[in-house]
Structure formats: C-alpha cells, structure tokens
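A short write-up of the structure that comes next.
To keep things simple, chains are lettered A, B and C as they appear, and every chain counts its residues starting from 1.
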C-alpha cells in the first residue's frame, strides 16, 4: 500500500470525533488528522462535562459532600463514595467496626461488577454486536436491584458514612443475592460464548491498541488496563485496605496488552468479585455498623492523601483541612483522567475503527475526567 | 386450488380483455398493461417493506430478550404505518453547503434501482413481470448501479463522515459483486440457462442447495455484504461514522434510503430462493404462497446472522473477499464443470 | 474449524429467542420496588420537632423549616418546604431525623407540568386552598425570581 502512495497525491484532513458521538463514552472529543482512514495525529479535548465538583466541596461540610461523590464517576458510584469516606477517616483517625467493613466490601464489589458489565456491553455495541449488549445490561439489572434493596438507589448510592455505613442488610438480601449471582453467571457465560470465541470479534480486537508494560507505567496507567498489559499491580493485594486481606481471591494478569486482553480482563475480574462477595456473605460478623463519630465533624489541621482500587484504576482523594467544618481544598485523582493520556501515543498508525475499539476497551468515564 | 394459484394471472388477463373490449389497439393495450404491471410491482414493494419493517422491530427484539413494539395494533403490526407517517411529517432540511442536485437525486436513484429489480423475480408459476432470457445477467447489471447512488449521497452531503461512508461503500460493493456472480454461475452451469423461470423449473427433482452447498455459502456471505448487514455494515456504521452516507438526510429522503435497504433485502433473498431453494415449487399450497414463505424464512435467517455478529474491519473484509471468497468461487466453477462432464460421460 | 465461534454465538442467540422476555408492560404492571427505595418523600406533620437537623444534613439546601415559638416556649412547626428541583434523593435528611418524621415512599410517579409544582409543601391545616399555586409561588422566596420570568411560568 505504501508503494502505491508514492505516486499518489493525497491530502490529510482533520475530523472531529466530536463531543456528540454515539461511541465516545460521554462527551469526549478527539481531533484526528486522517490520511484516508489512517490516523496520523490525535489530540484529546476534554472539559465538556466540567461541573466544578472540587470547588463545590469547599462550601459543603464533610458529611454533606459524601452525597456528591457518587456523581463523580456515576458508573461506579459506591466506590467513589468509599474512597472519600476512607480519606476523611484517615485524617480523623477513626476506626471502623468490622461488620461495617464487610458491608462496605459487599457493596463495593457489587458496584465493581456493575461497572465492568457496562464496559463489556459497551465494547460489544461499539463493534455492533447489539445482542450481547442487551444481555450484559439485563445481567446488570439484577445487580442494581440488589443495590436498591440495601441502599435505596440503583445508581449513585450514598451508602457510606464517615465511620461506617448507613443501614444494615435487609433480611431478604442474602437469598436474593444468591439468585442474582446464579443468573449473572448464566448470562456472563452467554456473553462470553457469543463474543470471546467469535472470529470476527477476535480479528477486530487482537493486536489492536497494544500497550507494553513499560509504556503503561511510563504513562501512569492503573487498574485493569495495567493488569492486562502484564503488570500485576492491584491495590487490594499490594497494600490491602479495609478487610481485603481476609479474603481469598486471585488477581488475573494477561500478557498481551491489546483490546482483547482488556476485554477478557473484566470478565475474569467479575468472576473474582463474585468469589469475594460469596466469602463475605458467608463470614459476616455481628456488631455495630457505625463507629462513634462526633456530631459536627471538624478534622485536625493538616492534609491527607488516600487511595483505593476503583473499578477503573487507582482512585485517590487529597484533602487539605484548616480545622473548620468544610474542607479547604479537595482534589480527586481519577483514574480515567490519567488513562486517556496515552491515546495520542498509541493512536498513530491506527484505523478509525481501531481507535473506536481502543477507546471502548479503556473504560473511561467522562464524569471523573472532567469532574 | 387452481383458481387461487392463478388469481393474479387471471386478473391480468381480465384487465387485458376489458381493454380490448373497450376498443383499444394492440400498442395501446400493451402500454396500459405495462402501467398496470408497474402498479402491481409498486404494491408488492410497499407490502414487503411494511412486513420487513415489522420483522426488523418485533422479531429481532425477541433475540434480545425483549418484546418489541406491541401497542400499535395487534402484535404491533401497524407500527410500520405509524413510522412512515412520522417520517413524512418531518421537516425537510437541506444544509446550505451541499451540492443541491446530487444531494436531492441520490435517494431517488437508489430507490428506483431497487424497484427495477423487483420486475425480474418469478413470484409464482408464470408470474414474473418481465420474462427475459438473460435474467441473471440483467439482475447483476442493474444491482451494480446502486453504487453510484450511494457515492452521490456521500459526496453531495459535504460532510467528512459521509465521504468516508461513501468511499467505504464503493470499495465494498464492487468487490463483493464478483463472488456473488461467480456463485450464481455454478447454478447456471447445471441448469443450462440464464432465465430465472426455467431455473426454477429445472429444480423439480432436487434443489440446487444440495448440489452446490459451497456456492450457497458464498452467496449468503456476498448477499450480506451487498445489503450492508452485519458483519459487513460499514456503510452505515452508527458507532463509528455516525450513520455514514445518510447522516445529513432527514424526513422522507431518509425514509427512501431506509426503504431501499429493506426492499433490497427482499430482492436478494428472493433471488437466493429462486436459485437454490426451488423458487415457487411445492405441494399443496399455491405457488406464490410458497415463494413468499421461502423468501421470508431466508430473510429471518439473514436477520439472525445480522443480530449476532459484530462488524468486521474494512481492510480485513477486503482481504477476506480477494484472498478467500474469489478463489473458492472460481474453484467451485471448475469442480462443477468437471463433475458435469463426468456425468455426461457416464 | 474456522467458523465454529460464529456458529456457537448463533446457537446462543437462538436459545435466547425462545426464553422468557424481561420486558415489563409498564402502565399495566407496576414494578415491585423494595421498601427502602428512594421514590418520593412522605412527611408526618405531628412528629416533627423543628430541630433543623435535616436542614443541616442536606447537601443542597433543599429543606426550609418555618416554625414559631409556642406559648410554652417550645417550637411548633408551621410549614415544611422542600424544593425538590435541587434534591439529590440521597436520603441524608431521613437518616438525620430523630423522630422519623420525614421518610421515603416507594411511589416514584411524581411528574408534574408546572415548575411551581416541583416545590412540595406541608402546612398545618389540611384544607387545600383555592389559589394554592399562587400561594406556593409567593411563599417560596428561595427560588430566584429570574428563573420563573424567563420560563414564563
């Protein structure tokens, strides 16, 4: 093909993979310079969903802001809530009772499964396998029903409080959870059978958007994307927080670093999360669900940074406190904001279709990129 | 049974007799009869589009574990009418910088080409509007002119996404016509004629799908590529180039593109049934009913493939065509020729 | 063989074709929501002691409590306002209330046509006044007036 183009006069043109596009997941804009269908240069433009959350935090008390945190990454809301609450507890040195920790793990892992199911379904529909998308979302409905049973909201639950959780599990939760997990396994096997062995899907995603482990660390990629590139870095194993050291689960690692590895990684992680939930339900201790916390929360003067393993990567909160009831400065280190930094590098030489497949497999959420 | 079988032929003869009785000459009668045939074909096209639209909404949603539209009419049968009424009622927006002539002419061309193909299919015993001796050749020739209409739509829209869609289409459609025609050649060699009616008659003993299974598979794959259905629907890839060549069309012009796609589906399924499954042949029921049943079964099969498979990449699709399909279809012709000669010797 | 993955996928699709569908025919069949579901708000007027804990717990300042001092010096509630346009339905107010005066109901069907209907109000007397809408618009001063003028409501 290169031979023909030497005598051929072609013209490059710029195209806007614009903010309003069916398969940029949210309002993400990429300005691509194309030659035919091959990308020569790509630039990321973000900021279309900026809502000023970090500025809003400066005029809300610590307890009030906990309601805004699930809205940052709206697909994995409970995990964002957890990250914030854990950071304030570290600043105030509050010890959370054990039953509350187990409940936090159950809801957190349920939310992780829901977020990964969105990635699996969205990747399928970006490659036009519409039926697999529907199966993934029907599976997610069961998880959302469980979340509604415990917290009251399907999406964006504000379940975690500073010192514990809000409510105990209702009586009908455990039988319902067993039923939902059985149904989830069934549908996950269906999606897996439809997609993972499909020759067309393999030809679309194998060898596309390859990331080497060195490049991943150089760009600061974390989460399932890093583990799909060959580096076994999971915060739940390396620096266990909460009660994760009491559970027996594996960290799946794949070596290829292409789109297919990132896609299969989410399916493997869902299976591990199901293991954690089953172990947590089986060994739930008795006890209080919240620690003794003062009515007005005034942390000591200082700053703190704490991070947890969210569904999309390492989520960190940085809080500067000046001794009053409202934070002086709050910053959210969101994983998707760091992950998209690698796009201009790997997009060179790809086709537009490959770029869409890579964008889909990276699992970005514009809410946490723009905040 | 004979009456129902020949109901359309008797109707046509009745009109011809009425015209003779009124006193028109021969030339005039033929002219008016061709107008009557045209109206009949237009009715068939509309009827089929409505039913395929219903299949696309209702039956396809069963694959996805949901009920489709079921409020408008029993089982949602009137949904197609309401969709058409909605599209007619939309405002006709023409962007400022498009090439006006090309932009407005493209939907008309594509719909006309598809309607012309309906005249060639044998819908029943002795029921084809035009009985040409070189039916298959005519079919292949007319269906390849739809490429220029799509390129007109892509170019005239003054939109980079439409241009990408149009270019992909030209590459895809003209490439996949070759295996389509070669797979039909095997059938022609066994039947010994290019006339569609006679091909149906010569399948009296055994259908050609059993004599030419490889050609059938190649025909299905090429038909999917010609019709822009998954896994080859690059032309209107909603997820990548935002509806491709018909991005800038709204209202009735968009409806024309839509209807042309569904009409094309019926025509290619009908051709497949004629060549491989015995056309209108079958016991008990009238011949045109058999044709309809077989064609709709084939359409359901194509929809089943469409909703299951993801989309292929452009260059892999072209590689598949030129490196796999064309050699296999040429090999099929060789092997068919050798076997026919051996048959004659024996 | 090369095409087996595709055939397996088509088999799965055909199997799901004949299984039970998950659609709920909505207006005839209402969904069965769990009791904790955040649908809409219910308020028990007699239980409220005007402690203002819900006002302080709310992230967006949705709640406004109007109370007067009684003959005994105790606070008596006159009016309880929630401008639901700003509400996140997070439920912090229901958790903060010591007497469980404000609670969630599972009835989620709360659409309305006017912007003034979004403001829910509980008053001491049960009678519905005739110029209810005008009074609601007049008493909720926290709505910036400019928004209402632009919309023409």
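Note that a residue touches a chain if its C-beta (ideal position, glycine included) is under 8 Å from a C-beta of that chain, and two chains touch if they have at least 3 such contacts.
If you're wondering where the values come from, they're calculated on a predicted model, not measured in any experiment.
Asks: If every chain is a node and each touching pair gets an edge, what shape is that graph: line, ring, star, complete or other?
Replies: It is complete, because no pair of chains fails to touch.
Asks: When A-C is set beside B-C, which has more C-beta pairs in contact?
Replies: A-C
Asks: Rounded to a whole Å, what is the gap between the Cα centroids of chain A and chain B?
Replies: 45
Asks: Return the distance between the CA-based centres of chain A and chain C, expressed in whole Å.
Replies: Taking the average C-alpha coordinate of chain A and of chain C, the gap between them is 29 Å.
Asks: Chain B to chain C: how many Å between their CA centres?
Replies: Each chain reduced to its C-alpha mean, chain B and chain C end up 53 Å apart.
Asks: Can you list the residues of chain C that touch 2 or more other chains?
Replies: 6, 9, 13, 16, 22
Asks: In chain A, which residues are in touch with two or more of the other chains?
Replies: Each of 131, 135, 138, 194-195, 198, 200-201 in chain A touches at least two other chains.
Asks: Multi-chain contacts in chain B: which residues touch at least two other chains?
Replies: 63-66, 307-309
Asks: So in the complex, which bits of chain C are touching chain B?
Replies: Interface residues on chain C, with respect to chain B: 6, 9-10, 13-14, 16-17, 19, 21-23, 25.
Asks: With touch defined as at the start, can you tell me which chain B residues reach chain C in the complex?
Replies: Touching chain C: residues 62-67, 304-305, 307-309 of chain B.
Asks: Help me check something: in the complex, which residues belonging to chain B touch chain A?
Replies: Checking each residue of chain B against chain A gives 63-66, 160-161, 164, 230-231, 233, 237-242, 307-316.
Asks: Would you pull the chain A residues touching chain C in the complex into a rising list?
Replies: My answer: residues 60, 63-65, 67-68, 71, 131, 135, 138, 141, 145, 148-153, 158, 166-167, 170, 172, 190, 193-195, 197-202.
Asks: Chain A touches which residues of chain C in the complex?
Replies: That would be residues 2-6, 8-9, 12-13, 16, 22, 33-38, 57-59, 88-92, 95, 104 of chain C.
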